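These are the structures in question, set out in turn.
Consider the two complexes below, in which chain A is the common component and chain B and chain C are the respective partners.
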Partner chain A sequence: MNQHSVKFTADLLTADSTSVAYSTEDWLKKYQLEARAHLEKCSLPTTAEEEWRFTDLTALYKSNLTPPALDEPIDASVAKSFLIPEAISSVVLLNGVYSSSLSTVSSDQTKIRVCNMASAMNDAQLNASLKRRFNSLEGDGVSGFCEMNTALFKDAVVIHANSNSSSFETIHVLNISTGKHTFNHPRLLVIAEEQAKVCVLEDYIGIGGFGYMTNAVSEFSLAAESQVIHVKLQRDDDSAFHIAHTHVGVDQSASYQNWSVSVGAAVSRHNLVTRQREEGGHIAIKGLALGHDKRIVDTHSCIEHTKPHGQSVQVHKTIAGDRSKVVFNGKVKVQRGAQQTNSSQQNRNLLLSARASVDAKPELEIFADDVKCAHGATVGQVSEDELFYLKSRGLNDDLARNLLNYAFAREVIEDLPIKSLGAVIESYIRDQTKT
Partner chain B sequence: MSTAIDNIVNQPYTAGFHTEIETDSVARGLSEDVIRTISSKKNEPEWLLEFRLKAYQHWLTMTEPKWPNVTYPKIDFQDIIYYSAPKSKVTKKSMDEVDPELLKTFEKLGIPMNERAALAGVAVDVVFDSVSVTTTYKEKLAEYGIIFCSFSEAVRDHPDLIKRYLGSVVPYTDNFYSALNSAVFTDGSFCYIPKGVKCPMDLSTYFRINTQDSGQFERTLIVAEEGSQVCYLEGCTAPQFDTNQLHAAVVELIALDDADIKYSTVQNWYAGDENGVGGIFNFVTKRGLCKGKNSKISWTQVETGSAVTWKYPSCILLGDNSVGEFYSVALTNHMQQADTGTKMFHIGKNTRSRIISKGISAGKSNNSYRGLVKVSPKAEGARNYSQCDSMLIGDLCGANTFPYIEVANKSAMVEHEASTSKIGEEQLFYFLSRGIDSEEAVSMIINGFVRDVFMHLPMEFAVEATKLLGLKLEGSVG
Partner chain C sequence: MIIKNAETILSVQNLVASIDDTQILKGFDITVKAGEIHAIMGPNGSGKSTFSKVLAGHPSYTVDNGTLEFKGQSLMDLEPNERAKLGIFLGFQYPVEVPGVTNGSFLRLAYNTVQGARGKDELDPLEFDDFIQSKLTLLGMDASFLERSLNEGFSGGEKKRNEILQMSILEPTLAILDETDSGLDIDALRVVANGVNTLHGENDAVVLVTHYQRLLNYIEPDFIHVVDGGRVIKTGDKSLAHELESRGYEWVLEENRSRAA
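== the complex of A and B ==
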């Protein structure tokens, strides 16, 4: 076992004295104790494990992280400048803790309830629902970081969309990190009841923070015929470590649409696991990851079809520039009996620099015969013909290249439902794909 | 299925018989003494014994690979006979001198050596268990300066070549089974094509596993000098035994400047019965080194047998402008498991590789494609195209694709596509509406599915392979 990982795991489990205060709810306390016990035995993953082979976390394990200060000062106007106008409710977590002064929650809580874990547990009905849906993590894509989060998370944001929510109202969950070499474990739980509709923006940003670790876990539970739009924007500080696990369960004929955009952090890893649990679920995932400077950006997605008539579409695009390293592992699983599944996956990687590298692994695991599954992966560079075309129209080489890089990335966010965010992401693309 | 295939389908496993020949075996188990015994029985020089012992020492430090997507009972390496050779050991000059029992065996397999060799213009180096029995066409090949002989003969007659190239592509440290093979290999084939020579005929080896419980540890080494060309065929069938047998071969190919090696395999080891009892464990390391500029190595394989297959014929594209190709059909039925694919290492400039893999799973079998395309930082202008298609027949089998793509050069172009499908009702309906019955339709669809690979097989192999597919899919389609 890797000594750095062992030490880091032990340090984090003991660093925060307040984390020993377990939940008063027995069911939650049980999860926390189990997670801690398991972590004490197994510690966090290293490159020796197949799933983490390409993502070296030694730099993280060697850094000395401390718990964030609870009264870190922050300029409210700077924080609020990141909020989007479309959101009916904005929840701001400062270093993993709910900030009531920065958050604005809609007064109408009858359609979509937005609250933190503690108040959700005070509501008997919601508590029962939480109990059923919390910690849905199992199987593929689960790692020691999930357990770390379960054992140590301070607070969780709960978004509960009732059946009468019918218009994709947007909830913005903004995670701000201000600490230097600190850690936080944000947690998000989204529950969509039957036929509910909701749009969630999960947003990570560093304001003045440096070398910190964000270890996020988000769980989505979609009841029959519900529809959820989920946008995850990772724009953590360039020195930060961002580890995120997203777990999604899709019931009968429900639809889950995801946009995952990764434009920040020194090392980032996103495990996106979606499971079609009942017949006829629909999963659509669009991903964009930009490798910039010396960044390592890693996306591991898993789409699992367990019942018949499921559909999934995935497009994942990456650009690797400078000395960055881009990793994509996309698994599609079709379990026995999941007949009539229709799944397609596309992975396109653009290499801009001689010192950048791309590791791609699209996987298919099929155990049903009456299915249509296809995947494609390419690694390449901007085509000479396209460059020539633009140059013949008067653009110089740099301009032409930048335009093509931008166009390549922009395709992913073209139909992003949150319009104001499109412009924000576009500026990141422009900044980070310049040659 | 067509009547022709139908006839074959209704045959039992025709290669399933056991020839009674006295064999000269060493005791079960593996130790330094066993290796020394093998080496001395074969009158080997000191350096080869050293190579074996180093490999053995290294093997002791290794553990069996766990990553392949296959499950099988643990192999007891101390319960294997590491050397068995037919007792009559005098080298034969003509077919008449060969043990008639042996000849009968080949006839039952449908390869009357002399006729087949003459008709097809193929020189067959027949390996019966571990010692090369007879080599035909040797004299004709010698006119061209081509060396095609058993490995033991090569060690005796061409020690310099063997010393120079043995383990240069697959070092004994490479993996668990290559280390084991390096320690205990008994025989195999050696082929050397001199500079500028185009081999006038296809070279072929027939392997047979005969003695019950004897592991087969073959070693093949092919060296193609500058500007030479060779086409090598390897075909396998094995008798029907209930005890699992281990087959851990090593194949090394070396292509120098402008050389071209084409290596084709039809593998039909005994796959065990419907319930997965018996069958061969086929854990093979095959690797080609495109050492020279403009060299080319092409692997074509049709894998239909073995209980468990674990095999990744690879190309190291070291020379500038070198080309690697991999064409594969892997068919699994009943309880068979296959984890097979290829590795393409792009190191030289403007290297190109092409991967076409077709997997067919039926029954309760599990078929995985696992491949790696790696472009190193200095491989300017590397190009790869991969296509992996799977077909599932029945709903109890599995098909998996695990392609690894690792690119560290920005001028590289790498493309990968994969699809999974079944024989659709609509496709069948289309055939039926044109008066073609469903059995024939299924046969045609499968033949169409594998056509891209079969067209790269030499003629007589393509015929045999088509028959094999029909035979293997008996009762699982239509």
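== the complex of A and C ==
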């Protein structure tokens, strides 16, 4: 075992040994103690593990992280400038703690309930629902970071969409880090009841924060015929470490649509695991990851079909500039019983610099015989002919390259259901692909 | 039109250029003055498109020798976009498809950069929409072309019209149109020729690269140059085009060979 990882794990556990957050609820306490016990034995992953081969976390493990201060001051107008007009409710978490002054939650909670863990557990019905769905993490894509989160999370955002939520109302969950070399374990739980509809923006930014670690876990549970749109926007500070695990369970004929955009952090890792648990579920994932400067940006996705008639469509695009390292590992699993699965995966990588690297690996594990699975991965560069054509019409080199970079990413972002994010993401592309 | 004492727009002397270490242009000469229309003809592979691209500044070509001047200024060290701002426009033989870049917003960017450099006001999207309408009408193009990705999935003829549309908004001083007539139906040819004629005046010049006399019925050239082996081997007036149409190139090439021998 790697000494840095062991020490880092132990330090984090002791730095926050009092944080078994909800000891009043036995079921949660049990999870937290189990997670802690397991971590004490196993510690966090290193590049020695196949799944983490490309994500070198040595810099993280060597950094001395402390819990964030609870009263870190923040300029409210700066924080609010990140809110989006589409949101009916905005939940702002400041260093992992709910900020009532920055959040605005819709007064109508009958269709979509938005609250924190404590109030969810005070509601008997919601508590029962939580108990069933919380900690759904198992199998592919789980790592010590999940357990770290379970053991140490301070608070969780719970979004519960009732069956009567018939339009895609948008809930913005904005995680703001202001800490310097601090850690933070955000937790999000989204429950969609039968036929419910909801759109969730899971958003990470740093305001004044530096060298901090975001270790996020998000769980989505979709009951039959529900429809969930999930946009994850990772725009943590360029010096931050962002580790995120998203676990999604899709019941009968439910639909999960995901947009995952990574434009921040020094090192980021997103494990996105979606499981079609019953017949006929639909999973659509669009990903965009920008590598610039010396960033490492790693996406590991797993789409698992366990029952017949499932559909999945995945498009993952990356742009690798400067000396960045971009990693994509896209697993598609079709279990024995999952006949008539229709799945496609497309991965396209744009390499902007000779010193950048792209590691792209589609992984198909198919155990059923009557399935359609298409996949393809490409790595390319900006076309000299396209560039010349644009320049011959007067556009300077920067502008022309910018247009082409944006054009490359466009397929992922043009149909984002949260329209105001289009321009936001476009400007990240413009800023981070400058030559 | 040939105008006495007109300003020299383009002066090319003994231009030698290569790509991937293969010399393609081997002493290319041409002089174009304001008001004039020139036609460049010649067999496939003789270097016509190479000349056009070198003129526009394609980075794949290196210039090994000779001079290339626009209004007395050497173009050698200028980027393609700088040449465009000076007023050089290349209508591509094979316009490039650029998926993901919207035609309309691209046209507006091009307009604002090139015309902005000449002191014209930049246009916002609404103003540009108004401005481009008349140009679309002139070229018989539907406004829906603006919404599509630049040239992506355009038919051959639509791409060529889109080139002339770009020319019409950029108002170049020197337009070099590389086989803009190829792939156009008879009506489109008339529309495009009409577009070129409307845009052409005594202060600018047009160079047409073409294989067909037919275009020259609509756009009347003052000079015709025959290119072979990377050089202009014969220059004449418009009657030369008729002669080439009926007799082919062989006699010109032969004439050139015996002169060389």
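In the analysis below, the second predicted complex is superposed on the first by the 426 of 435 C-alpha atoms of A that agree within 3 Å, B and C clash if a C-alpha of one lies under 4 Å from a C-alpha of the other, contacts with A are read in each partner's own complex, and residues count from 1 in each chain.
The definition used in the following text is that contacts are C-beta pairs under 8 Å (C-beta built on N, C-alpha and C of every residue); 3 or more make two chains touch, one makes a residue touch a chain.
Note that the coordinates shown come from a computational prediction; the quantities given were computed from them, not determined experimentally.
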Fit or clash - chain C, chain B, common chain A: fit
Chain touching more of chain A, residue-wise (chain B, chain C): B
Contacts of A:R323 with chain B and chain C, given as first, second, both or neither: neither
Contacts of A:V379 with chain B and chain C, given as first, second, both or neither: first
Which superposed partner A:A407 touches (first chain B, second chain C, both, neither): second
Touching partner for A:L399 - first (chain B), second (chain C), both, neither: second
Which of chain B and chain C A:R336 touches, first, second, both or neither: first
Touching partner for A:E365 - first (chain B), second (chain C), both, neither: first
Which superposed partner A:A354 touches (first chain B, second chain C, both, neither): first
Closest approach of chain C to chain B (Cα atoms, Å): 14
Chain C-contacting residues of chain A that also contact chain B: none
Residue ranges of chain B in contact with chain A within the complex: 67, 375, 377, 390, 392-422
Complex interface listing, chain A residues touching chain B: 50, 336-337, 339, 349, 351-381
Residues of chain A defined as touching chain C within the complex: 383-386, 388-397, 399-400, 403-404, 406-408, 410-411
Chain C - residues contacting chain A, complex: 56-60, 79-81, 83-85, 89-90, 92, 95-96, 98-101, 106, 109-110, 113-114, 117, 149, 166, 170
